[in-house]
Amino acid sequence: MAASREPLDVAVSRIDAGSTVAAGLALEHSIPFAVGHELLRQGVNDLSVIGPISDLLFDQLIGDGAVSEVRAAWVGNVSAGTGYRFRDAVESGEVTVENHSNFSIALALEAGAMGVPYLPTRSLLGSDIFEQSDQFVETADPFEGEQIALVPAIEPDWAIVHAQRASPHGDVHLWGNTGIVEPAVGAAENVLVTAEEIVDPDVIKSDPSRVAITREQVTSVVECPFGAHPSPVAGHYNRDNEYYLRYNRQTETESGFEDWASKWVYGVADRDEYATLVDADLEITSPTVAAEVQYGQ
Amino acid sequence: MAASREPLDVAVSRIDAGSTVAAGLALEHSIPFAVGHELLRQGVNDLSVIGPISDLLFDQLIGDGAVSEVRAAWVGNVSAGTGYRFRDAVESGEVTVENHSNFSIALALEAGAMGVPYLPTRSLLGSDIFEQSDQFVETADPFEGEQIALVPAIEPDWAIVHAQRASPHGDVHLWGNTGIVEPAVGAAENVLVTAEEIVDPDVIKSDPSRVAITREQVTSVVECPFGAHPSPVAGHYNRDNEYYLRYNRQTETESGFEDWASKWVYGVADRDEYATLVDADLEITSPTVAAEVQYGQ
Amino acid sequence: MASDRYTDRELMVTTAAREIEDGDTAFVGMRLPLIAFQVAVSTHAPDAMAVYESGVVRDSPADGFIHTMCDLPNLDRAVATTDMIDIMSRLQRGDIDVGFLGGAEVDRYGNLNTTRVNGEGEDIRLPGSGGACDIACMAERTVLLMPHEPRRFAEEVTYVTSPGYADDGNGRNNHPAPGGGPSALVTSKATFGFDERGELYLRSVHPGADVTDVLAAFPWEVRTAEDVGEGVVETTPEPTDEELELVRTFDPDGFWT
Amino acid sequence: MASDRYTDRELMVTTAAREIEDGDTAFVGMRLPLIAFQVAVSTHAPDAMAVYESGVVRDSPADGFIHTMCDLPNLDRAVATTDMIDIMSRLQRGDIDVGFLGGAEVDRYGNLNTTRVNGEGEDIRLPGSGGACDIACMAERTVLLMPHEPRRFAEEVTYVTSPGYADDGNGRNNHPAPGGGPSALVTSKATFGFDERGELYLRSVHPGADVTDVLAAFPWEVRTAEDVGEGVVETTPEPTDEELELVRTFDPDGFWT
């Protein structure tokens, strides 16, 4: 039940049009942009995308027409505000939106991961996220009688995660904040992991408490250095903020987006070629090395 | 809102008679025996103890008359089976028992940690843990109509955790399996952390993804090497299995337990003196060093 | 700009920073609050902690500029880098003292809209809630931040992304959200409080701003501190030199401020 | 003891090990299953994984004897050391293929009791469920292990700690537990299956054991493989030399076996 180690294009070819796909799960950290761009190159469309705050990834998928539904708490550009492709697509009715809060999308995936039909929350009630939706239920807690909201499980076809390192089997070391990576991985039918490095299984096993994802959840594992650019990856590279700002300026119009995509998505064969287009200095110049930890017997 | 760094006896003196106390949360790993013995020395009684499988700790507290109620999934001796002091106390009616499964106690504390009145589960229904209890509720899931059980929150007065290292502020590095440490810490009103080492805050901050407990939950933090003996602590010492077997043989009778306690609890002033009584070789002779991890910028 | 010593947004940052009390746990989101927390913990609130919904917990400023909560300087030497369920659980169980919220629209009860607005007859889609709805529902108190622009002050917001108080005069008493509700609205011209009924009132005007002018931006008659028995309308304290220096250390290029 | 090559418990371990199929995820608890998983993954099931409710995930034997799932050799070089909610969530979402359970009492439907029994008119308190109830409710299948002693086979167990099948002839169909229910009972004398109605039947007797003698321990008339159309009652395969060597490697002092 180990994952297949394979190239990015092969891994992405497993994702069918019409799939429900959770991504951008660590919030502004380690966003799987390489997978997003490969989805566009392969023309996978009619996607239902699921996530908390997607910070450009969803805007790019939407801009290229790959998305029919968005289930998310926030879609935009954290450096600059508006995601114009998202905004236009919603206003024109090209995509439908199921509005969530960050916690409601987290709980929906956590319910899926836990294998229960729903999870209760004290959030949502009193908001239009609750009122203008038929996805949630209000109920009286049978113990104390308080009114609470129930968030039904979401079980995506795919969760996509970019991590620092993974074994060829699909066991994954991930550090820095993880947002809702673990709920999404637990809830998803399939998981695609891209990693800065594929390492010997002994590296992963030297620190089992660092393992955030184990192989039986993982369908494909792909070595994909720089796979999260322009988002940051702890221990690997910083955020390319200028890229976010340029994207914001370039994609206010549909034709501007097409120009952007023709360079950054369709103008490159793969992630290695993509990396040659990036000229920002994102290097970690002040590394912090984690204090030693031992296991053993 | 940082923790107080203080000696074990001062920390334990904060725990009032009649408190609800969750402990033994990492299952057979890193059980806070030092705190248990100090509770006995200080004569703190009428405790309601909460945990999954307590592997001797609860048996010792019960044997010394400190406990009036047990809310747990399993109380015994994992090496030898029966916990005689638990068994006698239940059979004589000296303590009452609220029967749980490991998952129901985990979910009860997780509900407390999440701040919701209950969590749903597909476990329990069809068992006498459910049928012979009025703590749980059966309900029809309003989404799919399936019958599920609801586990109400437990919010202990105290959670007690033994960890590898902590800062003087109460931020804690913990590794190896953690069982239900995190739900219990989140649910508890107060947390007492004993640690093999108190380290400089920079050590903890060098690896923030290793932090399992943050200071605002922690009331007291105590440096307490060897604080989990005879249970094992990853990276520090192995399990003293012979101790478990001797305890089993010695404590079949109440007077045998008194002899045991007079040596191991009342016969020592503190944990340092306790350690001098242990002659087993529990040293880590084959250490495994965790692969390096970097953060930085 | 009201001063040549500081920008409107610098004043908003230092005013927001003062809403964090020492010992508070603050829920920090995007933009100005990223800077405000760092100012607070460097000045009057050294024992404040910040949590960020991505999973970050910090007790100190980042050693470098941060565009987002997940920029590496915010992860590096954090107290913890964990996950959203952990952070939101702290919020849900009542452990968060203060949260910060922005908004495209606010009404007199502090209900905020960041989802969609009507502009010249057509719907304009905004990014959405993020964690704002959760913070609004569950933090002990919230501080709202927005530019002082008439289009942002609405008799009724188009969409209640983040609930404030009920309109029944009982504030949060009969409201289903368990948190305490908004305690302040900081705009680029003034600071407002909320009275016990949950209605907005003018607490202070920023240096150089005029009460009449400030209130003219609202489509309803906004009450003042005098009207609700909360003393007089003060002048918002200017940023101190120390505060300004800190703001400019944490945001050296004025990206957010 | 039925053989001088191996003990009853060694045979139980190797028989239990064979109930793990290659590729399975097994939920491993205390005692004999700790050894059985290690034998299985070293022989016919190299791609099996084990999860332990303390939070351990393993794909290989421990490099040293383990008294409990939390002994350091079981944590060292594990695939993951995580927490109980993670492991139980895998179980609850249906990802666990097989779980192992012991018991003080079992009835004909595989209901197990590990909570309290009646002995000579008085209640005897046992340690309780641990994770057994959860495994029994939610694993795809469970394998029950217990010594072959008449007092353990009950028309009705005193307390249903870990549910088996319903007594309505429909097995798990109308039963509230979502898992598949018991697939085998391995005793020190024989191996039993459960038919589609959810009732126990004799599948094989261990070498040296006699069918009549085996069945005499039960207070009801136990059916056999022939009775339920599942072939004939076989003789349980003996441990191979390789299996025995592995058992003795993993339990060098015969602590569990």
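The letters A, B, C and D name the chains in turn, as written, and every chain counts its residues from 1.
In this text, a residue touches a chain if its C-beta (ideal position, glycine included) is under 8 Å from a C-beta of that chain, and two chains touch if they have at least 3 such contacts.
The chain list, named the UniProt way, goes like this: A, B = CoA transferase subunit A; C, D = CoA transferase.
Treat the numbers as computed from the prediction; the structure is a model and nothing was measured.
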Count of contact steps on the shortest path from chain A (CoA transferase subunit A) to chain B (CoA transferase subunit A): 1
Per Cα centroids, the chain farthest from chain B (CoA transferase subunit A): C
Chain pair, B-C or B-D, that carries the greater number of C-beta contacts: B-D
Centroid spacing, where centroids are CA-atom means, of chain B (CoA transferase subunit A) and chain C (CoA transferase) in whole angstrom: 40
Between chain C (CoA transferase) and chain A (CoA transferase subunit A), distance of the C-alpha-averaged centres to the nearest whole Å: 28
Approximate Å spacing (C-alpha centroids) for the pair chain C (CoA transferase), chain D (CoA transferase): 58
Residues of chain A (CoA transferase subunit A) engaged with two or more neighbouring chains: 115-116, 121-122, 175-176, 178, 182, 204, 206, 209, 234, 238, 284, 286, 288, 295-297
Sequence positions of chain D (CoA transferase) contacting 2 or more other chains: 56, 63, 71-72, 75-77, 81-82, 85, 91-92, 138
Graph class of chain-chain contacts, one of line, ring, star, complete, other: other
Touching pairs among all chains present in the structure: A-B, A-C, A-D, B-C, B-D
Residues of chain A (CoA transferase subunit A) that touch chain D (CoA transferase) when the two form their complex: 1-2, 112-116, 169, 171, 182, 186, 202, 204-206, 208-209, 211, 214-216, 295-297
Complex contacts: residues of chain C (CoA transferase) adjacent to chain B (CoA transferase subunit A): 23, 25, 47, 49, 56-57, 59, 63-64, 71-73, 75-82, 85-86, 89-95
Chain A (CoA transferase subunit A) contact footprint on chain B (CoA transferase subunit A) (complex, rising order): 115-122, 137, 139, 141-144, 146, 148, 150, 152, 164, 173, 175-176, 178, 199, 203-204, 206-207, 209-210, 234-235, 238, 284-297
Partner chain D (CoA transferase), residues of chain B (CoA transferase subunit A) touching it in the complex: 26-29, 52-53, 55, 72-76, 78-79, 81-83, 86-87, 90-91, 97, 99-104, 106-107, 110, 121-129, 131-132, 147, 175-183, 231-232, 234, 238-239, 241, 244, 284, 286, 288
Of chain D (CoA transferase), residues touching chain B (CoA transferase subunit A) in the complex: 30, 52-56, 63, 67-72, 75-77, 81-85, 88, 91-92, 115, 122-134, 136-138, 159-163, 166, 175-178
